[in-house]
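First subunit A sits with subunit B, and in the next complex the same chain sits with subunit C.
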Partner chain A sequence: MHGLVAGFRLELRLVRANPDALIPLVTAPLFAIIFLAIFRQSGRPDLESDALMAPVLMSLWWIALLQAGTMITGDRWQAVLEPMIAAPTTLASVLLGRVASLMCVGLVSFFEVWAAGWLFFGVSIPFEHPGALALTLLATAFAMAGAAVAFAALFVMTRNAYTFINSASFPFYVLGGVLVPVAFLPGWLQPVSSVIFLSWSADLLRASLKEPDVDDFWIRLAVVIVLGVISFAIGRVLLHHILRRMRANGELATA
Partner chain B sequence: MNAAATVNVMRHAFHAGLADYRAIFTWRSWLAGWFVRVLFQVSFFALIGERLGDDEKTSYLLVGNAMLVAGLLGIFSLNLTSAERWAGTLPLLVASPSSPILVFSARGAYLVVDGALSAIAALFVAGAIFGIDLPWPRVLAVVPVTFVIALASYGFGTFLAGVVFRFRSINSLVVVTTYVALMAACGVNVPLSYYPEPLELLSRFLPLTNGLLAIRGVFDGAPAAEILGDAALEAAVGIGWMAAALLSFNRLASRGRRDGSLDYGA
Partner chain C sequence: MEAVAVDEITRVFEPRRRSGTRVVALDEVSLTVPTGEIHGLLGPNGAGKTTLVKILSTVLLPTSGKARVLGHDVVADTEAVRPLIGIVFGGERGLYWRLTGRQNLEYWGALYKLSAREAKARAQQLLERVGMVDKADERVEEYSRGMKQRLHLARGLMGDGKVLFLDEPTTGMDPLAAREFRSLIGELRDEGRTILLATHDMVEAEMVCDRVTLIDRGKVIATESPRTLGRVLSRFQRIDVEGVPSAVLDEIRAMHGVTSVTAIDGVGTRIEVDEEGATQLVLERLVGAGATSVRTSLPSLEEVYVQLIGERGMEI
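Let's look at the complex of A and B:
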């Protein structure tokens, strides 16, 4: 628990010292304005709430991918991975604390898009099912953390992680149905989307802002959490093997 | 510095840029990584049109966001100063007898080519996927205009590179914010007339806006004079930003030399 809290605090300090970590918080309101402008100009006010939720998911995904995903690689470059592993607390607990911290920062985007929608278009988030909305956001942040651990493991193994990071934003926004539901994708792509937790999160977020009851809420929420747990488990196993190999070969430091 | 030396410096800088680019991308990673992202980015917005059930809007969004790719790569020139700083070569560059702006303007020129080709490929591939009308042979006029957009954006990016020259920590923030701001303000997703008048006027001084109007003119069958006029305005905007970069870059570099903020440790 100490490791987790220390990791949480450490990441907050790192974010404060590194403005790049806040990029998604700068772009989220801008994306909200862009999406709202498209729907407003097309005379579709019924889609305005969707325009507000998409930037939140995009921000969380971007943070999971770029900030959390490159965490271990960054530690390795800065030669702090060795002392972290040598410390009595587990690396996993520190990592989890740091990722949780980043997800909390990412959730600020929810309030930003709310403010941007209200300021520029007079649109507010319709809290039709506030409980479902809050639980979906929390489950999504949890699943993002799981994905972040998987990314972190993956990127340590890759020579040029940034090429992948640059390429992995919009493909997942499309496949995850972040703004346009998966039903609008070609039939052959839809099975791919169903194993991406973003598509379940996006559908649930949209449904929780609409008036009708949210169908099968608990089952759909469970799918988000289970997919997040699977990502986390894959990342954890990968990390375990990678770190063991690095320790055995003396590769923990990059030099 | 005489003309021959200038050309020589720019030639070497261009080759250094190409070497950088080859270290980042192979044909395979460009196609499977970068181009897939570009296609999905354009498709993301075109799908909004599908969701709206409006073919015209799909086409509008697809064309706008494909051309935005040319702008995006141009803005990436901002990353060049950061890269030099990280490599520890920025102070050497500033101390050398040639102007840093010459080096930067040539070193990132590959971005113009990459940006224009990525945008054109995205337009044609995504256009075919979404079944938008690509009026042949008029559509070929899109090719030179896209290069003008990429050049204008590159000029703008180089100007911004001079402004953020000494502020390493905000470089990426400026790149991403500028790119999303262009997406929001340049008529990419909604017509210029939708914006408040001051923003519409401001957007005319940004890269992409006028070039995109020319591109839309090609698709809408506008008279050649109108298309050429918008393309010329885009070129003028690009020249303006590049001139601003030339005028400001050396002064900003001198200031960095005075306060020691050019070093990668600063």
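Let's look at the complex of A and C:
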């Protein structure tokens, strides 16, 4: 618990000191405006809620991938990783706390996109299932955090993490059905999408905004959470092995 | 119980590329540090000091051998070791530079499982102790090298460790700050802590350490008190004398065991010997010649260092 809280507070302080981390909060409303404009022009007002949810998911994903995913790499470069490893608190708990902090920051985009939609296009979508929406958002943030831990572990060992990050976002937006539902993808891609929690989150968010009933809500929510837990577990195992390897090879610090 | 027990630790760094060189950073190093001792690890760059400190602080795994800190194995029992130690690696990095000094310390306190209130209080106490209160709420990126070094020391003390590993802790400090630091080291020892101080500063090792291990190219050369190490080479004594006729000096120069007779800036003459017993013969001759201002001295730790390790200069 100490690590979680320590990481949470640390990241909030770092974000305040380095506002670059807030870039998604700038781009989210802009994406919302772009998508709304496209759908309005196409005569599809029924897709306005999709236009607003997509930037929220994109923001959370970008934060998980770039900000959280490069945490360990950044700490290593700043030479704080070694003394951190030598401390009694586990790196995994600190990492999770830091990522949770970022996810909280990322969820601010939810309010931003709705404000942008209302301001620029007069969008006013009644929340059909506010409880389901809130729970789905929280579960999504949790799953993102789990994925972020896995990314953080993975990116430590790659030379070109930033190249991967820059190129990996959009394929996941497609496979995750962030803007265009997975049902519209080719059939052979849909099994791939089914193991990406984004697709489940996106479908559930759309359903909680539009549909009169959200079918199998708890099962679908559980899938998001379980996939997040699996991501976190994979990340935890990866982190353990990678840190041990780094300790064995003397790679906790850069030259 | 010994605070630190190192038993034939070896650490080999394999090359990452075929063209690289295999480096034996530590070669069956053994040493023990009793509780409450300030123990120096003295050696040139690349000697293996930092490697040993990293193994003992659990951030680096040894290739072979065993090491224990307060009875706990540093590899098999890292969870027991980590709450007991504090480390000061020093340098320009090692802190979150966009945060203030105080924020850095409070974070580190949390890593050592202090509550927010405890971390705040200890951070304030340590900032006062290292003389950083006035700068505590400025960002680390605005600190000078010496300030960062002081903050590193404060950070290393946040966990209140019983064993402290200090790796070149006074690098970048001005002489006054370095002197204050050495005084602080003494205070820490008086509080019952054990300190392993890795340094290439001979003066610092001589002034602060109870015992010193000379290490070079991964091997322990000697472990003794600074004074005893000087006596190891007691045959290399020097005799400083004034007012001796040059004929007598010529006679002494030809004596067995005398290595050099050199003038000291017009004040007197320094006679160096390299054999046991030669000192006495020289002294008898000087007294017989009527010399009244005669002083003998043991070599300094620096001279021992240079004698044992050799004049490597910039070569690593």
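Going forward, the second predicted complex is superposed on the first by the 253 of 255 C-alpha atoms of A that agree within 3 Å, B and C clash if a C-alpha of one lies under 4 Å from a C-alpha of the other, contacts with A are read in each partner's own complex, and residues count from 1 in each chain.
Quick note on the criterion: contacts are C-beta pairs under 8 Å (C-beta built on N, C-alpha and C of every residue); 3 or more make two chains touch, one makes a residue touch a chain.
Quick caveat, the model's predicted, so the values are computed rather than measured.
Peer 1: Quick one: on subunit A, after the overlay, do subunit B and subunit C clash, or do they fit? Just give me the call.
Peer 2: fit
Peer 1: Figure out whether A:R13 sits in contact with subunit B (first) or subunit C (second), or with both, or with neither.
Peer 2: Only subunit C is touched by A:R13; subunit B is not.
Peer 1: Hey, in the superposed model, what angle do you get at subunit A between subunit B and subunit C, Cα centres, nearest 10 degrees?
Peer 2: Angle at the centre of subunit A: 90 degrees.
Peer 1: Scan A:Q78 for contacts with subunit B and subunit C and give back first, second, both or neither.
Peer 2: The second partner, subunit C, only.
Peer 1: With both complexes superposed on chain A, which partner does A:G3 reach: first (subunit B), second (subunit C), both or neither?
Peer 2: In the superposition, A:G3 contacts subunit C only.
Peer 1: For A:L179 in the superposed arrangement: first (subunit B), second (subunit C), both or neither?
Peer 2: first
Peer 1: Look at A:L138 in the shared chain and tell me whether it touches subunit B only, subunit C only, both, or neither; answer first, second, both or neither.
Peer 2: It touches nothing on subunit B or subunit C.
Peer 1: Contact-wise, after the overlay, does A:L252 reach subunit B, subunit C, both or neither (first, second, both, neither)?
Peer 2: Only subunit C is touched by A:L252; subunit B is not.
Peer 1: Of the partners subunit B and subunit C, which touch A:S42 in the superposed model: first, second, both, neither?
Peer 2: Touch status of A:S42: first partner only.
Peer 1: Could you grab the smallest C-alpha gap between subunit B and subunit C in the overlay, to the nearest Å?
Peer 2: Minimum over all C-alpha pairs of subunit B and subunit C: 8 Å.
Peer 1: Report, in rising order, the residues of subunit A that make contact with subunit B in one complex and with subunit C in the other.
Peer 2: 18
Peer 1: Which stretch or stretches of subunit A touch subunit C in the complex?
Peer 2: 2-3, 5-6, 9-10, 13-14, 17-18, 77-80, 82-89, 94, 244, 247-250, 252
Peer 1: Touching residues of subunit A toward subunit B in the complex: what are they?
Peer 2: 18-20, 22-23, 26-27, 30-31, 33-35, 37-39, 41-42, 44, 47, 160, 163-164, 166-171, 173-174, 179-181, 184-185
Peer 1: In the complex, go through subunit C and note every residue touching subunit A.
Peer 2: 13, 51, 54, 57-61, 79, 82-83, 85, 87, 89, 91, 93-99, 103, 107-108, 110-113, 139, 155, 159
Peer 1: Could you list, by residue number, the parts of subunit B that touch subunit A in their complex?
Peer 2: 24-25, 29, 33-34, 36-37, 40-41, 43-44, 47-48, 50-52, 54, 57, 61, 169-170, 172-173, 176-177, 180-181, 183-184, 189-191, 194
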